[in-house]
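Next come two complexes built around chain A: one with chain B, the other with chain C.
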Partner chain A sequence: MDTSNSQKAQLAALSAPSVIFTVVMIAFPFCYTIWISFQAVSATGMMRFDGVANYVRMVKDGQFWNGLWITIYLYVLSLTLQLVCGTALALLLFRARRLPGFIRSLFISPFMLPPVVAGMMWLIILDPSLGAANYILTSLGLPPSNWLASPALVVPTLALIDTWQWTPYVALIVLGGLQSLPPSVYEAAEIDGASRTKTLFRITLPLLLPTLVTAMVLRSVDLLRFFDLIYITTQGGPANASTTLNIYGFRMGFEFFQFGYAGALMITLSALVLGVVLALNRLRNAVAW
Partner chain B sequence: MTSTPSADRWIGYLNTVLLMVAGIIVVAPTLWMVLSSFKFSHEVTAYPPTLFFTPTLTNYVSLWERTPFIQYGINSAVVTSASTALGILLGTPAAFVVSWTRITWPAIVTLLARMAPGTLFLLPWYLMFRQIDMIGSYWALILTHAVITMPIVIWVLLPFFDNIPRSIFEAAQVDGCSPIRVFYRIALPLVSAGLSVSSILAFVFSWNYFLFALVLSNSDTKTLIAASFNFIGEGSTNWGALMAAATLIALPPLVLAIIVQRWLVSGLTLGAVKG
Partner chain C sequence: MRSMLKPLPAFAAALLLSASWGAVAKAQDFDWRAHEGETITFLANNNPWATAVLKYQDEFEELTGITLRVDTYQEQQMRQRLLTVMNARSDEVDIFMTLPSREGMQFAAAGWYKDLLPYATENAAPDYDFEGFSPALVEAATFDGVLTGVPLNIEGPLLYYRTDVFEECGVNPPDNLSKISEVAAQIKECKPDMTAFASRGLVPALPYTFSNFLHNMGGSYMADGKSNLCSEEGKKAIELYASLLKDYGPPGVVNYSFYQLTSLYREGRSVMSFQSSNEFPAVMEGGARLEDTAIVPLPPGDGGSHPTTIGWALAISQFSANPDAAWYFVQWASSPEMQSKLALEGIAPPRNSVASNPDYQAWLAEQPVRQQWQKALEHLADEGTSEVGYPIIQNPESREYIGQAVNAVLLGTSTVEEACAAADEQLNALIARE
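Entry: the complex of A and B
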């Protein structure tokens, strides 16, 4: 299409408001945080160039390494659980074929809930002394658990809550992938006499890999920045056992008003998110068919 | 070979049973929240937990009487509606231009907002808004929530604009229609379905967003989600009221999500998956 100068001007005018907004509210603040991560910022906002001091402090800070470990632990555990459960659920839904609208809404409901609300309801279900979860455990003859109040179990418990909330989302993505697979592959497998398990592991899952990687990208971005649910339920406790990098950075910034150090932590976390997304993108290209 | 008819039928039954179990796990916690919100306080904390009880509205009444719940609700409605409107106003022409010119970098920059942790933006925003004395104002919340809504609008609308046959635009241009006229006379009416989906998704995500209001609101502008944090502090003594608050907060996004469920997955995956 031939684009004349007046057309260019009009297209620019149409996009100008969003470009200005993106620069002022997203791009500039992003650069500003990079900049303040090299500053010593006082609580009143006075700044002094401080070189890489914040990053040096970070490398020497045990709580940073602890936060990084918790972030990765929570990420790997939640992602694995959600992919496995999500794929299983998608296969069940795919086999059922006809899916009434209200069943679909039912499966959508957890991930449309505010994570804050999910946190509130699970706080009560998982209450160590009066919660329904421990009642179910003890009626099955199992020992009760301290769930979110236990330093050893808090991360797996958070992973379970997040898995409850996001498994249906992963399942719907995988279901989309299943529905777009060419039926001819299955027919060929059936003619060749392949068993069900063989068809699943040798044909369906390999063909689904690109979809699974897409689901991984989308979940990774959220899981590495895990915040709402933790802040509502434990605020990073007990004894910092659920203080992810994101929680740690937030507390450094808005409880201790150490903006420079908080900035360095957030830039590091963003680099981690970006690294994971780029790595998964390479993986997606490798498994594309 | 297992594909004998009776084996097939048994696998079908097993499939249905497993799906029902999955359905129960998915719904039970939400159902428990709603049930608890209608229980008297002694029954919410009863051990063993009770499934059958006489329903009551006391928890909802106590929210009304003891907390500025209505005020928080109004704050949420104002911030969410205004940031959704702003997201649509900014994002719709942007999506049209990206679709028309195939220049995608502005849309990709908005993904920064999706990939970087919220605190990264909150640090500079806090310093900026403090400088101009806007912390606690509606505008600070509306502008920051538009950082959530605008990228959703752009990415949900893009495939809708892409689906319009290029020949329609070309014909309009031959007739002397300028891009701005093509945008609001021809393209906009053709993406009306996309506009409703993107505004509903933007509304839900803005409503659910916690972090920005946690720091940038004050007691007069606090949104329901940010106020939840206070409810939990008080809720340690009153679970019923806490569950009533949670139920009311969850209601708008749930209702809206059910309305757009058909487009939900493709919308939520930024078009990466056709739902």
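Entry: the complex of A and C
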């Protein structure tokens, strides 16, 4: 065996564990889901090949389109709120450098909570009869709201809860971006007499674009797979008004035993996530400086 | 409709008879230490029964020398965990709690239950008294001759109401289903800051309470092999249930299950609450409602009184690696001795012998509301039906469509005609897939 072959063998041996891990933990479940999406699975667990029947059913299923719409609505609303609030919080933290450490920690603490805890907490606060939110509203002379129990309000309410929890995460990413901006650009702007607003919109935000797109990619993956908060608070209700594709697929599989159809839904959702991430990656390349 | 305690079915009698012969023959060989050193896993639903019985876990381990590992989840999560384990044919779970009226037919068809009849007849402790179980509950847990679980309790939805508020408002409690709206309206007028009527509104949870309305109205889920939700009785039941919650229910009732109902009633914020008999201990926790509450079954309607009556059961997995040791836990947890202890904590006993136990009778006698609760449970046992959702393998999915139909009317997104027609279409497709 020559040296080159020996090195190749050594490299193969060293990388084998990670390759095996990737195949077992990622490729196998994904391939299995693709395979099961072409099966008809009975309520008693029997399987038979069913071609593309699950995908045909999906296209004809009104609940699938409803789930797709809610997934996109929740995604766009949450992402917009989180980017705006996260950037604002980052600018605040960047300028208030002398802010005591514990206050800075307080600002970023929500995203350290497990989503299940956050969900339970908000479920109690937003309870229309016994919760603190309506108590505060009525104390101020405002009408109470049904929050998570209203088909019209449930998605905005979920988006607000998620924004409360994940804005600090976006803020930390943006703060990192702010700290890496070249000071020379600001010095030039100051010499030219640019106002603070102009500096923000003409210099800071354009320069932050690559960072913001990175934050968008990271949040997009989570938001399109939105699950835990909905599962804890509404389970997809009321009247399916918060049944995202992920919730719908989960219920089809784990509550109604329709694993074939659930597989088709999950593959479709994966394709959506992949598509959005690829599009955002192209955007990131376009705005890089 | 599947009656709970109609004349004893012949096969249930045969089961109990064979059990008693077997028990006599084998009782003398019984040894509680036969599986000492073994470990078993119990997948528990975090409900009042499991909470109460697991307080005695140490006693079981001392008695048998068996190590009991417990995985406790909320009901829905427990089922999801179970589904994963069973589909993988894994031996991770030896014993699990099951609701025969919901998943019994489905799990039995999938072959996930170990038949417990041979255990009950050939390997039970001398004082186990298998024939002491309510025959109707044993029947409800038996599918194609396979005893899928042993009964743990008897339960069903009951009407809890505030006697002080009724008295103050000069209103009599409803004695017929047709009067319940009128009574709720009077209460609402008298006490506008309180919820006049509350019941389950959450889609997967509401069939449990709605079924009682449907059956009392004279309706049924299926007729001639097809969905019957759009029958006149079905439509009346949907209309009544949805309008009660819409006009007199709490804000956000579409997300209500047992937890919210209990909190609302215990806090003194609702006047009539139609909810599970199982919640009795939780409702009475703190004692605030002990003196001002009465409990009755749902008033009869045009179809009479057919309360929803179900019970949890304890099952052994077909894939258990230690079924014999698992049976020891099952029989210990469902023994007359344990059920007598649990009865004193408000777990309605599935054995007549426990219900007539002097200690239990003394506990009931301490509070009139306890006696009313027990009397209502006896009515459930005598007249009840275990039909919650469609009597098909895919019963859990059928519940979803029932819940959606009621929810659509409650939220005002559909008329009763539209909602039940949409549900019937989905339900007939589901029935056709069987």
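Quick note on the criterion: the second predicted complex is superposed on the first by the 262 of 289 C-alpha atoms of A that agree within 3 Å, B and C clash if a C-alpha of one lies under 4 Å from a C-alpha of the other, contacts with A are read in each partner's own complex, and residues count from 1 in each chain.
Following the convention adopted for this analysis, contacts are C-beta pairs under 8 Å (C-beta built on N, C-alpha and C of every residue); 3 or more make two chains touch, one makes a residue touch a chain.
Computed from a prediction, not measured in an experiment: that's the story for all the values here.
After superposition on chain A, the partners chain B and chain C collide with one another.
Contacts of A:L130 after superposition: both chain B and chain C are touched.
In the superposed pair of complexes, A:T234 makes contact with chain C only, with no contact to chain B.
Of the two partner chains, neither chain B nor chain C is touched by A:T80. The partner that reaches more residues of chain A, of the two candidates chain B and chain C, is B.
By the document's definition of touching, of the two partners only chain B reaches A:I267; chain C does not. Residue contacts after overlaying the shared chain place A:G193 against chain B, while chain C stays out of touching range.
Using the contact criterion defined above for the overlaid structures, shared-chain residue A:G45 touches chain B and also reaches chain C.
Once the two complexes are overlaid on the shared chain, A:N285 sits clear of chain B and of chain C alike. In the superposed pair of complexes, A:Q7 makes contact with chain B only, with no contact to chain C.
With both structures placed on the common chain, the touch criterion links A:F254 to chain B and to chain C. Once the two complexes are overlaid on chain A, the chain A residues touched by chain B in the first and by chain C in the second are 45, 129-130, 254.
The residues of chain A lying in touch with chain B in their complex are 1, 3, 6-7, 10-11, 13-15, 17-19, 21-22, 25-30, 32-33, 36, 45, 89, 92-93, 95-96, 101, 103-110, 112-118, 120-125, 129-130, 132, 135, 139, 164, 167-169, 172-173, 176-177, 180, 190, 193, 195-196, 211, 214, 218, 221, 225, 227-228, 231-232, 246, 249-250, 253-254, 259, 262-263, 266-267, 269-270, 273-274, 277. Within the complex, the chain C residues that touch chain A are 76, 79-80, 83-84, 86-87, 106, 109-111, 195, 202-204, 250-255, 260, 263-264, 267, 269, 393-394, 396-397, 400, 404, 407-408, 411, 413, 433. Of all the residues in chain B, the ones that touch chain A in their complex are 1-3, 11-12, 15-16, 18-19, 22-23, 25-27, 29-30, 32-33, 36, 44-45, 47-49, 89-91, 93-94, 96-98, 100-101, 106, 109-110, 112-128, 130-131, 143-144, 146-147, 150, 154, 166, 169-170, 173, 178-180, 183, 204, 207-208, 210-211, 214-215, 225, 228-229, 231-232, 235, 239, 242-243, 245-246, 249-250, 253-254, 256-258, 261, 264-266, 268-269, 272-275. Only residues 43-45, 127-130, 134, 144, 146-151, 234-235, 237-240, 251, 254-257 of chain A touch chain C when the two sit together in their complex.
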